[in-house]
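Each of the next two complexes has chain A plus one more chain, namely chain B in the first and chain C in the second.
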Partner chain A sequence: MKALRIAMTDLHTWGGLLISWLLFAVLWTGTVAVFEREVSHWMQPERQFARPAASQMENAEAALRYLRQERPKAPVWRIELPSQRIPSLVVSWPERPGEWQSRVIDARTGTALMGRDTEGGDHFADFHKNLHAGTVGIWLVALTGLMMLAASVSGVIIHKKIFKDFFTFRPRGNSQRSWLDGHNVSGVLLLPFHLMIAYTGLACYFAYYMPAALNTHFDGNADALRAQAVQSYRLPPAKAPAPAFAPIEPMFRHAERILGEGRIQLMLVNQPADANASVQFFRDVDDRVAYVADHANFRADNGALLGSQTSWNGYVAGYRALVGLHVAPFGGNVVRWLYLLAGIGGCVMVASGLVLFTVKRRPRYAKAGPAMAAFYAVAERLNVASVAGLLLASAAFLYANRLLPAELDGRATLEIGVFFATWLATLLHALARPVPAAWREQLYGAAFLCLALPLVDAVTAGDALRLSLAAGDRVPLGFDLTVGVIGVALATIARKVRL
Partner chain B sequence: MAGKTARRQGAAHVTSRIAAALGGGYAATYAGTGALGVLVPLQPAEAVYLAASLCFLLYVPLVLYPFAARDGVRAWGPAVVVTVAGALLWWMGAAR
Partner chain C sequence: MTQPVWALATALLLCYSGAAALALAMDRHHEPWRGRPARPPEAWLLRGTGIAGWTAAMGVCIAAWPATVGTVIWFGLWSAGAIGWTMLYAWSARAARQVALASALGAVLLVSAAPVLS
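For the complex of A and B:
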């Protein structure tokens, strides 16, 4: 057992170290992405204060009125009905293949609000999934997930007194001890979550990197696989223009009888300009773990039911439960906050592991040869940039959203550019400064940006804030306050922590 | 005393362990997933979703083992066995 523990120590220490600069970024952006919709909502203040109608039916009718008038030729219309989570009626359509546009509809007046061009929360979600680097990025993220699993299991193997140490945290003693305790506590207390989140994350994108069974049965075609799981009632194009659209109310009521009253959250209208246009109603997904949406489908010209799907194959549901556990569409704000806190716990585990490595080995590497000393110096600085620097860059992204002109061309890409440029700058800063100073300056910098964000928001988008509160939408204010609290936490860490 | 010997072994052994863990583990998991996909008596889509749900359970121990093995050569043992067995079962199952 001792030999195994020693062997696993090297894997845990070195495997953990080398992957953690990237793993922290994946964990942090994933944590933020739990609230990606709220981030997007905050980042488009122009769209925040449209009031939805009293009933979902009226909302659906208002959305359809707008789309029929403004975008009759679009290949598909997408209507997100207001929900507890995001109280906005949102319509969207592909302006060009792959390029979707969206508007918030004020159901009472019929006006459409167009927000400033931004990736919003998708920036964090996309970075989390693929580092904004396409398929190569997906593979790299998969590697971090695999290594997180390997590090977690090896960590348990090497932790001799895992039950005795369960609640041990000694912040005042020897610094190395405190860092080890912090690493252990955040790792062990949340161990089921860490194992679950890493495993389910890998499962989400199996088609990209573990397609063996998919290749056997579906020639590697993930769409063909999905078509087996999700019933499609889409009609082929009739190539004839659509006659009048049938009234939506009977369809809506019929869909509610199938899916549940008050449970319709999303509508799609396929090929609305074609005679074979169809309307799809989707049930919301916030009350089940398996990430599958029941749906009901109707002909658009006469409201006839084409078919519905309210039951799912057990193996499909089982797999989609893994996806659901990762993305957490269920449980509303309570679950989202739990995932946020657990995600932060994961970030603390990885960050404290990185710092522990350098703190523990500082005396050893001070006396080592030039190669090891150089490696160690770089490692220490990578720690600063990948932890504090990333947090600073995340805040800078939010600032770019408020400070870049709303009308600026290409501002969505520019915001992401600010994120990466800031992150690169923090790396250069970390390479130029002594390590403790680099930590302090970047942590205080991030803290300052977070604490000042509510003020910047009030100055640059104060009207929106006031109007959204008046309309009963507390998300923008909640976002400001949460970022402020994060700022307080960062300032406290900067003050108290000896790095 | 596997651990002490491992630390004194050279870069070649370490590299071999890493290759066995990541590369060998990948091949073994791939073959195992393929085998699972044809061996379970399920509909094609069901088999794929089941394989997708379970396959990474195979990869994790295959990453850990090479670092517990006595040397960089023995590190490849399980990866090779699982890859060959998996590939055989996959081939036999797909041929049916």
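For the complex of A and C:
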């Protein structure tokens, strides 16, 4: 047992340290991505100038009218109906393969507004999934997930007093013990979440790491696998121009009878320019962990039901439950807030582990050889930039959204550029400054940016904010306040915590 | 809307007071409170109360939401209750114990009010 513990301690300490610089970023962006759609909503204040109608039928009609007029030849139309979560009517279509465009529709006037060009919350979600680095990024993120699992299990094995210390946090007194307590509490009391989120995160991309089955049975084509699980009931193109669409209302009502009253959140119109166009309605997934959306598909020209899928192969539902557990599209705001808090807990665990590594070794720095001394110096600074620097860069990303001109060409890319440039600047700052000062300055910097964000929002998008409140859309104000509270928390950490 | 709010409040109070009872069954947290270690029957009573609180919270979550969703919510509230207790206790043990007593009473009140709500 003792040998095992020693081996596990090395794995936990060194494996944990080396992966945590990246793992913190993956966890933090994943935490923000829980509110991906809210972040996107906030980052397009223009949406507030277009109001949906009270009835979903009118919304669907307004969206179809717009798309028929403006993009009759698009391969697919996507209509996101307003919901309690995001009260905007958003339509989108692929302008070119893989390049989607979107508009917000004002259902009262039938006009469409273009929100400012931004990746919005997708920036955090994409970074979380692949670090904006495609397949290589997916593999790197997988490595962080794998190491998070290994560190969680080895952490339990080396935690000799796991039950005795279960509810113990001693912030006063010995600094190293405080850090260890904090690391233990955020690790142990959230252990179910940590294990679940790391495991299910890996599960989301199983087909990437182990493609053998996909290659053997589906010639490596993931869509072919998907087609066996999801019956889309789409028709092959008829290669003939589309006749007039049947009225949407009977289809909508029929779909509601199949999917449940008030449950329809998303519509797709497949090949709208073709005689075999179809209108597909999707049910929300608010009340189930398995991330599968029941759907019904209708012929666009006569409104006849092509087919519907409301029951799922047990294996598919089981796999999609793993994905659902990770992405949390269910349970509404209750689950999203719990995931946000648990995600922050995960960030605290990783950050406190990083700090603990250095706090524990500082007394030994003087006796370390020159190579180790250099390594420790770099580790201390990487800690600052990977934790405080990332938070600062995330806030800077939101500022770029408000301060770059709304009409600027390529601003979506520029916003992300600001994010990475700020992050790089924090690394240079951390290298240039003494470590405690670097921590303090970057944490205060991030706190200041967060605290001032509501003000900047009010100045740069005050009209939108007012309109949102008048319309009962609480997302923009809620976002401002949440960021403000994070600012208070960061300022408190900067002031009170010995780093 | 009332039901999720009711369930959330009830389950959170149960998770917090459950964590408090289990912590107070331990000598480390019992001694500063009563000046002596817990006697075995006291410790078992506290442990039983704690487990009952956590179990009841799970029942509330599964009843208020679809079972799968409720289970996930319970795990979240379990962590929130335990971390809430640990943090508050670190700041002021006395305050944490008083809040635990109030939470337990509040949870009992809310549970007994459940039939009125539904």
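Operating definition for what follows: the second predicted complex is superposed on the first by the 497 of 499 C-alpha atoms of A that agree within 3 Å, B and C clash if a C-alpha of one lies under 4 Å from a C-alpha of the other, contacts with A are read in each partner's own complex, and residues count from 1 in each chain.
Throughout what follows, a residue touches a chain if its C-beta (ideal position, glycine included) is under 8 Å from a C-beta of that chain, and two chains touch if they have at least 3 such contacts.
All values reported here derive from a predicted model rather than from experimental measurement.
Asker: So, on chain A, is it clash or fit between chain B and chain C?
Answerer: fit
Asker: With both complexes overlaid on chain A, does A:L322 touch chain B (first), chain C (second), both or neither?
Answerer: First partner only.
Asker: Regarding the shared-chain residue A:A244, is it in contact with chain B (first), chain C (second), both, or neither?
Answerer: A:A244 contacts neither chain B nor chain C.
Asker: Between chain B and chain C, point out the one touching more chain A residues.
Answerer: Partner touching more chain A residues in the overlay: B.
Asker: Is A:A371 in contact with chain B, with chain C, with both, or with neither (first, second, both, neither)?
Answerer: The answer is neither, since A:A371 touches no partner chain.
Asker: Report for A:V459: first if it touches chain B alone, second if chain C alone, otherwise both or neither.
Answerer: Touch status of A:V459: no partner.
Asker: Where does A:R288 make contact in the superposed view: on chain B (first), on chain C (second), on both, or on neither?
Answerer: Once the two structures are laid over each other on A, A:R288 reaches chain C alone.
Asker: In the superposition on the shared chain, how near does any CA atom of chain B get to one of chain C? Answer in angstrom.
Answerer: After superposing on chain A, chain B and chain C come no closer than 17 Å at C-alpha.
Asker: So which bits of chain A does chain B touch that chain C touches too?
Answerer: Touching chain B and chain C on chain A: no residues.
Asker: Quick check on the complex: what are the chain A residues that touch chain B?
Answerer: Residues in contact with chain B: 2-11, 143, 146-147, 149-150, 153-154, 199, 202-203, 206-207, 210, 212-218, 225, 228-229, 313-316, 318-319, 322.
Asker: Going by the contact rule at the top, pick out the chain C residues touching chain A in the complex.
Answerer: My answer: residues 4, 8, 19, 22-23, 26, 28-29, 65-66, 68-69, 72-73, 75-80, 82-83, 85-87, 89-90.
Asker: Along chain B, where are the residues that touch chain A in the complex?
Answerer: Residues in contact with chain A: 1-4, 6-7, 21-22, 29-31, 33-34, 36-38, 42-53, 55-57, 59-60, 63-64, 67-68, 90, 94.
Asker: Which residues of chain A touch chain C in their complex?
Answerer: Going by the criterion above, the answer is residues 164, 166-171, 185-186, 189-190, 192-193, 196, 287-290, 321, 325, 328, 330-332, 334-335, 338-339, 341-342, 345.
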